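Each remark here refers to the structure printed beneath this line.
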Amino acid sequence: MSLWFVLAVNSITLGGLLFLLSSGFSLIFGLMKIPNLTHGSFFMLGAYLATSLIAYGLDFWTAALLGGLGVALFGGLVERFILRRLAGAELAQVLVTLGLSFMVADVCLMVWTGDPIRIATPAALRGTASVAGLGFPKYRLAISLIAVVFAAGLWALLDRTRLGAMIRAGVDDAAMARVVGIRVSRLFTIVFCLGAWLAGFAGVIGGPILSVYPGLDGEMLPLALVVVILGGSGSLLGSLVGSFVVGFLYNFGQAMFPELAYVVLFLPMLIVLVLRPQGLFGRPAV
Amino acid sequence: MTRFPLALAFVALATLPLWMPGTYYVNIASQILFYAIFALGVNVLAGYAGLVSLGHAGLFGIAAYAGAKAITAGYGHSVVAVIALATTLVTAAVFAALALRGTGLGFVMITVALGQIVWGVAYRWISITNGDNGITITGRPFPFGLSLASPRGFYWATLVVFLLALASMAVFVASPFGASLQGTRDQPRRMNALGYHVWMIRFLAFLFSGFWSGVAGLLYLYYNQFVSPQMVALTASAEALLMVISGGTATLLGPIVGAVLVVVMKNVASAYIERWNFVLGAIFVVIVVFMPDGLVPGTVRVARWARSALGRA
Amino acid sequence: MTALAVSDLAKSFGGLRVTSGVSLAVEPGERRLIIGPNGAGKTTLFNLITGELKPDRGAIALFDRDITRVPSRRRFHLGIARTYQIITLFPRETLLRNVTLSLLGLSRLRWNPLVPLGRQHALAARAREVLARVGLDHLAERPLAQTSYGERRRVEVAMALAQNPRVLLLDEPFAGLSIEERRDVLRLVTGIPRDVTIVMIEHDMDVALDFAERITVLHFGEVVVEGTRAEVVAHPRTKEIYLGE
Amino acid sequence: MALSVDRRRFLVGAGGLTLATTLPRAARAQSRPVKIGLLTVKTGPLASGGIQMEQGTIRFLKDRNYTLAGRKVELIVGDTGGNPAGTKTKIQELVERDGVDMIFGPLAAFELLAISDYAAQAKMPILSLAAAEDMTQRKPNAYFVRASGTSAQYMHPLADYAAKEMKLKRLITIADDFAFGHEQMAGFQRVFEDAGGRIVKKLWPPLVTPDYTPYIAQISGADAVVQGFAGSNPLKFMKQYQDTGLKLPVLGNGTAGDEALLKSYGDEAVGMISCSAYTGDLDTPSNKKLIDGMVKDYGNIPGLYSAGLYINGQVAEAALEKTGGKTDDREAFIRALRAVSLTDTPRGPFTFDRLGNVVGTFYIRRTERKGDKLVNTTIKSYPKVSQFWTYDEKWFLAQPVYSRDYPPLKS
C-alpha cells in the first residue's frame, strides 16, 4: 500500500471529522465572537453519551443523533444561563467556557470512569472497499461522505433559509442585524445548540476510529481552533477548506516531520493570524 | 492608613516559615509566591494593557527550559539566570512583534498559536527538550552564600524576588509610562493622537511582562528541579490568566490573591476534595459570572456597600 | 506658506471611494469650515490628514513640509491636534489626569517607568492651566464619567489645546450639545489665538458659519465648492446638496 | 502557645535535615498506624490507571483488614493530576505534612523522575510501578523498590519469544514517543536482533495522537508489528490498525495486553501476543483473592495497575514483618524491602536484585475470545527474569541507556 495514498485518504477522513466538529465552532465564533473552549468537551460528551445509549441497546446511528441532541441541550443551557449573562464580555466568555470544560471533563471521568471505551464500527461499514485495486476502509469513506452531506445541508441552511439569512447577517454585523429586527439573542441560542449538536454528533461519528477516553476533548479542541483560524470564523467554506488543510497538515506533518509535527500544525495558523487575521475565507472586520 | 496593614503583611510574609506548621506549607507558600510573580507579569498585559495573552506559559516555560539546558551544560547559576532571562526576553520580543499585529481576540488567538508552538517543541523535539520526561536538574543556587536547598531558604529567596517584582509593578503602574500603557488600553486611538507610540508602549509592556514571567519560570525550575512540557501547556497559560482574572485585573493585589486561590485549590484542597478539578472549574465559572472584575475589587465593592449600609442604619 | 496643504488625496474602502482627489490649502491662522452631508468623507479626510488612515494616493503637507510618510503619532508632535466627533476620552480618570495624559504625550517623560506620575507637580500645574482655559479647573479632580456632556466636549478641546497645536482639527465640536453649551464651546474656540490654524467639521450651520472664514463643501468624497462664506452660501451647488436638504 | 512550640521545633530542625519530617521523633510512638502514601492520578487523561492503582491498594488493605505486621495502616491518597509539578507537591504533602512511612506510586515515569531526587534526600521508600530504566540502573535511588519491572524487562522475553518460538525475522516497532516507549522498543530490539532478527523500522507517534493511520500507513515489509502503547492508546491503535486492513500479527507490551483493558477491546485484539509481569489466569491463591475482590468491590477485572499495587502491599507487608512493624529506621526498612522474597503473589514468585528491581516471572499471553469476553491465555512463562535479561550486569550497565536512537537501526 502506498504511504502517500493512505496518508491522503486519512487526511480526507480527518478533514471530514474536523469539518463536523469545527463548522459549528466557526459559526459560534463568527456570530458570537467567542472561541468556545467547551467545544472539545461537546465532542467528548457526545461520544460518551452515545456509548451509554449503545450499551442501552440503541443502534449506532440513533445513538449518534441522540448523543448530539443531548449535547445540544447542554449547549443550550450553557448559552442561556451563563454565556447570555456575559454578552459582550469576550474574555469572560473565553474563561467561562474553559472553566466549563474542566467541569465537563471531571463529570465524564466520574460517570464513565477513566477507562477508554470503544465504539464498535456499524456492521455494514466494517472492512475495506476495494476501489481500483486500492483498499479504502469503508467507515472512513463514510465519514467523508457524511461530512460532504452535512456541508451541503449546512450550506443550504445558511444560503436558502430565512434562519440562514439571519445567521449570515449576524455574522457580518451583529449590531446591524439587531437594528433590522433580528432577535440576535435567540439566534445565539439556536446557533450554539446547532454547533453543540454538530460537535456531539462528530464525537460519536469519530468514536469508532478514536474511541472515547479522558483527554479526548483536549486533543480535538486545538485542531478545531486551527481549522477556524485558517478558514476564517463564520465562514462555512472556510471551515470546509480549513478542515481538509488541517487534515493534510496533520497527517503529512506527523509522517514527515515528526519532531516538528505541532509546529507544522500551528505555524500556518500563526501565519494566517498575522498576515490575514480574518482567515482565508473570512470577511475582514470593518 | 494603609501603612499599618502593609507592614503587618510584610512581617507575616517574612516570618512565615517560623510560624507555619511544617515545611509542606512553606513549600506551598513558595509556590504561591512564584506563581504570583507569574500572575503579576501576566497582569501587566491583561490588566494594564488590556491585551489578553493565552501564550504566556510559553515564556514562563522557555525560561525554565533555557535555564535547565544551561545548568545541564555546566554553567554557573548567575550565568544560567542571565541566559534564561535573555532567552525569555528575546522570545517575548518575537511573541510581541507577532501578537501585536492583532488586538482583542486576534491577539488572544496569536498568543495561543505561539504558546502551542513552544509547547509543541517542548513536547516533540525530544533530542533537545527530552520530550515528556522533561529535564531534571540538580541543586539550587547559592546567592551571596545563602543556600536555597532548604524549603525555608528557598522561600525567603523567592520572597525577596516577589517583593522586588511587586515593587517594580507598583512603581511601574504609578509612573508616566504606566499611565501611558493604561491609556493605550482605554483609548488607543486617542493615545496615538496625543503623540504616543502605542505599538512601542505595548511592545515594551510585553517585554516587562515577559521578563517577570521568565523570572517566575526560573524560580519554578529551581523549586521543582525539573521542567516538563506540562509547564508550557495551554492550561498553564489559562491558569495564570485565571489567577489574574479571579483576583482582579489591573490591581496589584488581585493576581496575588488569585495565585493563592489557584495554588491552594490545586494542591491543598485536592487532598480533601476528590473532584477538585470540577470545583476548580466551577470556581472559575462562578467568579467570572458573578464577580466579573475579580475577588479583590468585588470584595472592596461589597465592603463599601456594607459600610454604607451600616452607616445608614 | 500654507499651514495645511492637501493635494489629490484619495481613499477607498473595499470598492467604496470615500475620498477621491481632494485638494485643500489652508493658510496660517485661517478658520476653515468643512461641511457636507453624511457620508461625504469629512471625518475620513481628517483621519487621512492625521495619518490614522493611509491614503491610496495624494500628499499632505504641514507648513510646506511633506508629512505624507510621517507616522501618525509623529504628526501630532509636528503640531497637529484633533478632537473626535464621538468623545474619545478616559472616562474612569479625572479631568486633570485626562489633560495630563495629553501633556505627557509630547513630553519625553512619557517613557519614564520609574518616577511617580503623581509627583510631577509642574505637569499637574500646566494641566490645571489648560483646564482653566476651558473653564473647568474647578472640576479638575472629578472623574470624567461624572461630568456633563458639554463639559466633556470642552475637555476634548482642552486635550487638543494642551498639545499646543499649530493646526487644530475639530470634528463636530458642537454635536449633541444644548444651545447654551454650544455657545460656551464656540466662545472657547473663538478665543483660540490666531497662531493656531483651525479646520472644523460642523453640521450646525448657525454656529459654524459665524466662525468660518472659508468653507469647503464635500460631497461623495469630492470638493464640490470652496470659497469664502458668502461665496459658498450663494453657490447653487451648495444649496442643492446641502443647504437645500 | 502553638507559636512558641513551633518556633522551638524550627530551632531544633534548622540545624538538621529540613527535608525530613518535622514531627518530633518522640511523638512517633510505635503505636501509631503505619502511614502509606499513595501517589496516583485520579483526574485527567491518565486517571484510568491511577484509579486502578487505588483500587488495588484498597483491595489489599481490605484483605489484611488494614493491619500489617500487627500495626494498623492508614492510607493517604494524593492525586497528582498526572503532572510532574503536581506530583512533586503531593509527595511533599505526604512526606512533610502527613509524615508517611512509605510511598506507593506514582504512575508515570515522568512523575517518578520528577520526585526521585527529592525522595532520596528525604530517605523515603518508594514502591512504584513506573518503569523508567535508570531508576534501578545507572542512576539508582537507594530508597526505591520496583516489583513490576523496567520498561524493557517486559520486552526482553517477548523478543525472545518472537524470535525463537514465533520464528519472526523482520519486525516493525511502534510505540508512544516518550521514554517508556523508547526503552521498551530498545530492549525488544537488542534481544530480538541478538537472536538473529531485524527491526526494520521504528515508528514513534506522539503520546497524544487522535489518529494513528499516518503511522500505520508506514508499516510494510515486515513479518509482524510490535506495539508499545500505554493508557487508552493501545485501544485506538488496534482499532485503526484493523480498519486499515493490515493483517500482520501484533505483539504487545504489558500495557497493551492488560487485562483491565480487555473489556474495552473488540475482536481486533484477538490473537495479540503480549508479555506482562502479571497475567489473569495465574493460579495462585492471592491472584484468586485479588480477582474476586476486585470484581466484588468494583466490578473490574484487575490488570497490571491494580495487581501491581496489590503486590506492592504484599512487599510492604513482608518487609514490615521482618522489621517487626518498625519503619523508623529507614535504612533497615529499605534493606528489609529489598530482601523480600515472595511466592504467592498475583504475579507469582519474585525477589529483588541489589538495585531494588524485581527478578521474577514474565508471561507471554495470547488474547482470545471466550464467550462474549476477551481473555488472556498464558502460553509461556519466563521465570526469574532480571532487568538485565541474560546479559552480564556490568556489560549491560556500561552500555548507553535504552533510548529512541539506541540501539540504532541496522542499515
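When the chains are written out, they are named A, B, C and D in that same order, and each has its own residue count from 1.
FYI, a contact is a pair of C-beta atoms (placed from the backbone, for glycine too) under 8 Å apart; a residue touches a chain by one contact, two chains touch by 3 or more.
Given the structure is predicted, the values throughout are model-derived calculations rather than measurements.
When the partners of chain A are compared with those of chain C, the chains appearing in both lists are B.
Closest to the protein's overall CA centre, chain by chain, comes B. Averaging C-alpha coordinates per chain and comparing to chain D, the farthest chain turns out to be C. Chain centres here are Cα averages; for chain B and chain D they lie 36 Å apart. Centroids built from CA atoms put chain B at 32 Å from chain A. Chain B and chain C have Cα centroids separated by 42 Å.
Taking each chain's centre as the average of its CA atoms, chain C and chain D sit 74 Å apart. Multi-chain contact residues of chain D (touching two or more other chains): 43-44, 177, 206.
Multi-chain contact residues of chain A, defined as those touching 2 or more other chains: 105-106, 258, 261. Residues of chain C in contact with two or more other chains: none.
Pairs of chains that satisfy the touch definition comprise A-B, A-D, B-C, B-D.
Residue ranges on chain D touching chain B, taken from their complex, read 2-3, 6-7, 10, 14, 18-19, 22, 42-44, 78-79, 81, 83-86, 88-90, 92-93, 95-97, 109-110, 113-114, 116-118, 132, 177-179, 206-207, 404. By the touch rule above, chain C contacts chain B in their complex via residues 50, 52, 72-74, 76-77, 81-82, 84, 88-92, 97, 100-102, 104-107, 109-118, 120, 159, 163. Chain A meets chain D in the complex at residues 1, 3, 6-7, 10, 13-14, 105-106, 109, 113-118, 120-121, 127-128, 135, 137, 139-140, 206, 208-211, 213-216, 218-220, 223, 250-252, 254-255, 258, 261. Chain contact summary for the complex, chain B toward chain C: residues 171-172, 174-180, 183, 186-187, 189-198, 208. By the touch rule above, chain B contacts chain A in their complex via residues 52, 54, 98, 101-102, 104-106, 108-110, 112-114, 116-117, 119-121, 123-127, 234, 238, 241-242, 245, 275, 277-278, 280-285, 288-289, 292.
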